[in-house]
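You will see two complexes here that share subunit A, one where it goes with subunit B and one where it goes with subunit C.
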Partner chain A sequence: MRLFAGLLARNRLALVGAVVLAAVAVLALLVPVLPVRAPNVTDTAARYLRPLSEGHLLGTDHLGRDLLSRLLWGTRLSLAVGFAAAVIAAVIGAALGIVAGYFGGRTDNLIMRGVDMLMAFPYILLALAIVAALGPGLLNALIAVAAVNVPFFARNIRGITVGIANREFVDAARLAGMGHWRIIWSEILPNVVPVIVIAMSTTIGWMILETAGLSFLGLGSQPPQADLGSMLGEARAALITAPHTSVVPGVMILIIVMSINLLGDGVRDALDPRLRSGALSRPMAATRVARDTVPEPQGDGILTLQALETQFHVGGRVYRAVNKVSLSVHPGECLGIIGESGSGKSVTALSVMGLVASPPGVITGGAARYRGDDLIGAPYETLRSLRGDRIAYIFQDPLATLHPLYRVGDQLAEAIRVHHPLGRAEAWARAVALLHSVRIPNPESRAKAYPHEMSGGMRQRVGIAMALANDPDVIIADEPTTALDVTVQAQILSLLDELRRARGLAIIFITHDFGVVAQLCDRVAVMYAGRIVEEGPTGVLLESPAHPYTRRLIDCVPELGAGRRRLAAIPGLPPAVDQLPPGCAFAPRCGRKQPACEAGEIGLEGSGARRVRCLYPEVEEP
Partner chain B sequence: MGAYILRRLISAIPVLLGITVIVFAIMEMIPGDPATAILGSYATPENVEKLNRELGLDKPAVQRYFIWLGNMLTGDFGQSYALNRPVLDEVLERFGATLILAGVAFVLCSGLGVLAGVVSAARQYGPADRAITFVVLLGISIPSFFLGMMMILLFAVKLRWLPVSGMYAIYGGGDLQDLLRHLVMPASALAVVATGVIARLSRGAMLEVLRQDFIRTARAKGVPERRVIQGHALRAAMVGIIPVLGIQAGFVLSGAVYIEMVFQWPGVGRMLVDAILKRDILLVQGGVVFVAACYVLFNIVVDVAQSLLDPRIKT
Partner chain C sequence: MTDALKLTELSKSFPVGKPLFGKPKAIVRAVRPVSLRVETGETLGIVGESGCGKSTLARMLVGLLPASTGSIEIEGEAQDTTDPAAFGRRIQYVFQDPISSLNPRKTIRQIIEAPLKLLHGMGRAERDTRLREILAAVNLREDFLTRYPHEFSGGQAQRIGIARALAANARILILDEPVSALDVSVQAQVLNLLADLKAELGLTYLFISHDLAVVEAVSDRVAVLYFGAVVEIGRAGDIFRQPRHPYTRLLADSAPVVGRPLRPPEGRETELPDPLNPPPGCSFAARCPYATDLCRTTEPPLTPMGETQLAACHHPITR
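Right after this comes the complex of A and B.
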């Protein structure tokens, strides 16, 4: 509740809505004791007085009645009716929804068919039919508006109830011998009430508008009693000669409904967990860059990362996902990046081409040089022309990474056409050839398939084909084989290996699988908590790991035919990257820890290709 | 595809039957008897009974329902006592006018709503997004009939750009240009609320899609941002937007009743309100059933459009 109030207070617009609505409600409640004229006293001598007339702040209407008084009384009536309609609709709708959702089966079917029937009506038409049957009148308008809103509540609440009714605590209550109605009352209802409240807060504005509408048509409140809608309806005849009689009630409806909507939005945002976590990020075309200095170019790799730093800024927290990572890869070489989930390996890869979602992602330092040119902070068009053309990506989980509504052939053809002025047919032919080159059988017909019509291995090959489309210099493969079974994995690895030998491709291969690294990579970098902790030629590193983390990581891997060895899981969890300890991030989990490990920054030291970030490495002179 | 459309049409039959049952049941709730309503309270009991028999009102409700349904299937919706002409003729004539009004409004609100939602999402939290969000909020909060009245004051009375009301000018009108001039205000007033709702939901759908992995893939292969938004993201978001368009079509169609009152548009909504006030039950019944049936058929069109857009839907 306090969290809710806090969020509401932060959302200034919602606060404005709440204050305005409260003011209107207080006025409406206090009308009987306020010093205003009686609303229905006519004075034909003083018809259509303009606002600010003597004794009539807002003027008078066609019968000389005081508009201010009628406005306040009308507001009172409109608010009361709108609120009552919302409550009635919510109660009946929720009751139907809970019963349907809880009992399921035939009950559910019967109720929901009925609800669907009602929803098949154009909304206001149903209200009109009900008023037609019951006769014009405010109470009947209220019933009509409530009735047409019942299906909305019933549907929403049913959905929620179905979810709850299958949860363990409901089963437990059932096993404990609780009756259906007691379960509904004590287990289901408390969980549904918040949803009902949200649904009400979003629909009450509608209901006020609708009752006002029916009154406007002359089907709601009957003279002399007036709500805001019928005031507008009566004023319509004199719209041109005395516009103020229309403007006054109209603006009041606008104010009420708008403040309700503002408040409702605030409530919804405050209760929506996705907004709270900041997950609904702004989708920018390239990652935001905020760095002070640019490192001098060095190294001769085709792609070189220099002290790259990428952070996620969420709320007041800073997550150091990539912390001064330096890497380099040469043509024809395959560099492996290995590490646990959350070690920052994927973010490192995405940072190169500015593909980290932003916000919350920000590149705060370092450089990524392709043939010596810095890509970080490069103009969008430069980045775009390199993306997929010179530096291409292969992503994990190709079901999510391929567009579900485009044929794979079209997606491949597009990858070519955004970089080369090629005709449609020509690009399609290229796409088919690409599918053939990644050994997809019947490429002509498979090109016409949608991603969901293919198997996981097929889709992954499509992903690889897409990366190869423009014959790039560098491919960054982010766990491309993780979701696949072993035989398919082996095929894809040998395919990649062949391509790099044949085309001189540089590959950065991200994985958490040492087997894959051993098979494909020339060099390996091990990442932990956003940093590289060890780097070296694959064979040496796997034979004699120097960093205790690498050692433990390798020990976690079961070996085929090695008998029943005790698999050593690493105790503890990787640290959260928003509160990294000083010194070695692995120290809390490390068996070789000494006081110096946690004292201060430890450098990535070593000779030649072999480097390690450890004061007490597993092997002397790595 | 043909089989799919046929299946959807067949599945609409129970819905249509349900609609007639609901309308009939609602009308059965009317207190008093229609014959008295028609003849007035001074009618003799004999006359009332005679009329009841003529109208078939002495039979049980179930029987009367099937007679009514059977008649409707042969195109006989009964006779409007107030207008003294067949209900169907009147409804068809009025529905044409409503269709023009609601159709134009629907095209307006779909186009503008989706456009505003896409711009808003692509520029999330930017000035354009904030401006659109505010206008949208205003749009969904203003009663369409009040907006219509204010438009009349401004554009017809003060600026004299557009005619105050009606569908055609009384003298010398009747051509397309005249119709369009009369359409501008009512169609825009009718479109405003739906535009707001569509814009909001489109923005939400776009933001949802823009976070998906396949958008990152599109960017990673070098697709220009404009095409990422207008092609990849919008195409996927439309899967969520189209059902909303279907629902809003119902709002526009029935919301037309207010606008028809304000602008004296000779549509089916105004006809219904008049009929309700005159207690012309057969006209109300026939009108409601007819419009609801059209809406059900329109929703089938929406479903078919959806299946064309999304290959994952089994047709």
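Right after this comes the complex of A and C.
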């Protein structure tokens, strides 16, 4: 709740709206005790007095009634009616929507077709018809406006409910013995309320306008009762001769609706989870770079990371996702980065091409050199020409990375044409050839398929073909087989292995699976809490791990053929990367911990390719 | 030993493209008739790849999906979901995704208390004692009770899910990929916790997973599912060491293992058959290196091979 208030207050316009609306509402509430004249007392001698006349601050209308008094009373009525209509529409609409969305099937069909029918009539015509049937009067106008707005709520809420009703926690509630109505009340409704509030806040202004419209037509409030619409209607005859009689209620309607809409937008932005955490600003095309010094070029790898540091700055907190990571990879080589979730392995990979979302991501130090040229802080155009051309990515979920509305062949052809001036037909032919090279059967016909028509394994092949489209030098594969079945995984791995040998590709392979690393990678780097804790040739590292974390992590992996047993576990959890302890981040979970481990920075020491960040490694000579 | 669970010819079909009135356009058979028994106190592992029907099977067992044909017996009595409270006290479910199975707008106390209140009708004081017991059993601190699910890591959230299942005090737990969303170091914590709980409380588990090594480590017996049917079932130690069905062997050979060189385990397309147009005969025939004409025309029944193993194959592997 405090978060909500904070987010709302950050939005200046919403704050203005809230203040104005509060002022109007307070005035409207206090009318009965304010020292204003009675609203319905006529004084034909003092007709059409101009504003600022003696005794009548805003002047008088065609019957000599005090406009200020009528305005305040009218505002009170209009606000009450608009608000009541919104609440009624929201309650009925949300109830229909929740019932339709939760029960689904025929119930859903019947309710929603009924709602559709209501929506098929033009808005104002339907309201007019309802008032015509019920007879004029403010209460009937309220009913009409509410009825007309029910479909909006019903459709909105139904969509949300369908999503929630299929979530696992609803199944869990059912197994906990809850009946349908209790589930709706205690599981669904709390998750739907924010959406109802959002929908209300954006429509209440509209409903006030509609009520005013009906009153303007003489179908709402009846004389002598004043509301903003009927005041406008009565003033219409004197629009030219006494414009103030129309301007006064008109301005009030403008103020009310404007302030409600500003506030409503603010409420929506603050409640909408997608817009939370300051994500209202658009991400930049490349990650923001804020580093003091650029390290000197070193090493001869085709892609070299030097002390790369990437952080996330979220509301005063600094998450050190990647903490001085140095790596390098050579042509034809496969380097594995292994680590658990949150270890920073993916952020490392994304930082290379400036793909970390900014805000909140910031690259605060180090360099990433491709053939000696620093990519960190390179102009966007340079990055863009390298992305997907020289350095390509393969992501975990091909369904999320392929565009659902284009044929895979077209997407491949586009990837080629972005970097090479090829004709459409030529690019298509190349796309088919690529699909063939990743062993997709019948590439000619498969190129015409949409992503959803393919299986997970086939889609990942397309993802690999996409990465190969421009014959890159480096492929960064971020858990490319995690979402796949084991039989498919084995095929994708052997495909990648073959490709790198045949084309001299350098592959950086990110995974959490030791089995995969052992089969594919020449060298491995183990990451923990944003840092490399150990690196070395795969065989040696897996055979005799030097860092206690590596050894214990390997012990955790169950291996087929060992029979029924207790598995080794690492007690505790990895540290949050915004509160890293001084010294070794693994120390709190480590069995070999000594006081020195928690004293200060520990370097990545070793000779040749083998290095470990530990004062008391498991093997003497790493 | 009595059977905790007994499935007889259980199957599930989903209609596809059903109009408002009238018949659906096609029918997908997610689970083809399956007969299984799980003894009291046993852990039966169910292995299979995505789309093999393992989750559908689990959801039928806990009454979240009605079965199309066949019957389920729970502790000797036919499955009866008319009284949700009585049913919930018999069998419970642990979900795959620990975060999405917890209502984001409820505190941990509210989540774990629901079964105590609704299934057992406990009073406030009684609930508090029981809550404390349950939390201690799953190694969670009591101050977690007032927090909301998003404040927890995956491993902690999964323990909360297990705590909720324990609160129902059911003797049978269906574990649907309970550790596949967790990191390996945490996965082991949860698996060991499950083993301890089972020993302590005498529970029966049906453990579903796609990870053969995990299933082997926790199960007494394992059933391998392919395309909605059991293709092989046997003791956990034997089934992967000496698979009879070529699909089991393929699975075992595909798992990446440290020290085994990389090679594609099969040359042919690894697509599952089209569920809208299932092939006659063995559904694995198109991928099978031993397939003959017999396999492509006649569906092999599940037949005993060896002492405890059964496989549905015309040409089982003999070694």
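Just so we're on the same page, the second predicted complex is superposed on the first by the 447 of 622 C-alpha atoms of A that agree within 3 Å, B and C clash if a C-alpha of one lies under 4 Å from a C-alpha of the other, contacts with A are read in each partner's own complex, and residues count from 1 in each chain.
Everything that follows uses one rule, which is that a residue touches a chain if its C-beta (ideal position, glycine included) is under 8 Å from a C-beta of that chain, and two chains touch if they have at least 3 such contacts.
Everything numeric here is computed off the predicted structure, so don't read it as measured data.
**Student:** Would you check which partner chain A:T202 touches, where first means subunit B only, second means subunit C only, and both and neither mean what they say?
**Tutor:** neither
**Student:** With both complexes superposed on chain A, which partner does A:S437 reach: first (subunit B), second (subunit C), both or neither?
**Tutor:** Touch partners of A:S437: none, neither subunit B nor subunit C.
**Student:** Please indicate which partner A:Q222 is in contact with in the superposed arrangement: first for subunit B, second for subunit C, both, or neither.
**Tutor:** The answer is neither, since A:Q222 touches no partner chain.
**Student:** After superposition on the shared chain, which partner residues are touched by A:G213: those of subunit B (first), subunit C (second), both, or neither?
**Tutor:** The answer is first: A:G213 touches subunit B but not subunit C.
**Student:** After lining up the shared chain so the two structures overlap, which partner does A:T42 touch, if you call subunit B first and subunit C second: first, second, both or neither?
**Tutor:** neither
**Student:** After lining up the shared chain so the two structures overlap, which partner does A:P190 touch, if you call subunit B first and subunit C second: first, second, both or neither?
**Tutor:** After superposing on A, A:P190 lies in contact with subunit C but is clear of subunit B.
**Student:** Regarding the shared-chain residue A:P122, is it in contact with subunit B (first), subunit C (second), both, or neither?
**Tutor:** First partner only.
**Student:** Could you pull out which residues of subunit A sit against subunit B in one structure and against subunit C in the other?
**Tutor:** Of subunit A, no residue contacts subunit B in one complex and subunit C in the other.
**Student:** For the complex, give me every residue of subunit B touching subunit A.
**Tutor:** Touch residues, subunit B against subunit A: 15, 18-19, 21-23, 26-31, 121-122, 124-125, 137-138, 140-143, 145-146, 149-150, 152-153, 157, 207, 210-225, 227-228, 232, 235-236, 239, 250-251, 253-255, 257-258, 261-262, 272-273, 275-277, 281, 284, 288, 291-292, 295-296, 299, 309-312.
**Student:** Quick one: which bits of subunit A touch subunit C in the complex? Just the residue numbers, please.
**Tutor:** So the residues of subunit A in touch with subunit C come to 106, 109, 167-169, 171-179, 186-187, 190-191, 340-341, 441, 455-458, 485-491, 493-495, 497, 512-516, 518-520, 542, 552-554, 556-571, 573.
**Student:** So in the complex, which bits of subunit C are touching subunit A?
**Tutor:** Within the complex, subunit C touches subunit A at residues 20, 49-50, 59, 62-64, 84-85, 88, 92-93, 95-97, 100-106, 114-115, 118-119, 153-155, 161, 164, 167-168, 183-189, 191-192, 195, 210-214, 216-220, 236-237, 240-241, 250-266, 269-272.
**Student:** In the complex of these two chains, what residues of subunit A are touching subunit B?
**Tutor:** Where subunit A meets subunit B, its residues are 113, 116-118, 120-126, 128-136, 205, 209, 212-213, 216-219, 229, 232, 236, 239-240, 243, 246-247, 250, 253-254, 257-258, 261-262, 265, 279-283, 285, 350, 353, 355, 357, 380, 384-389, 392-393, 395, 397, 400-406, 414-415, 418-419, 450, 452, 466, 469.
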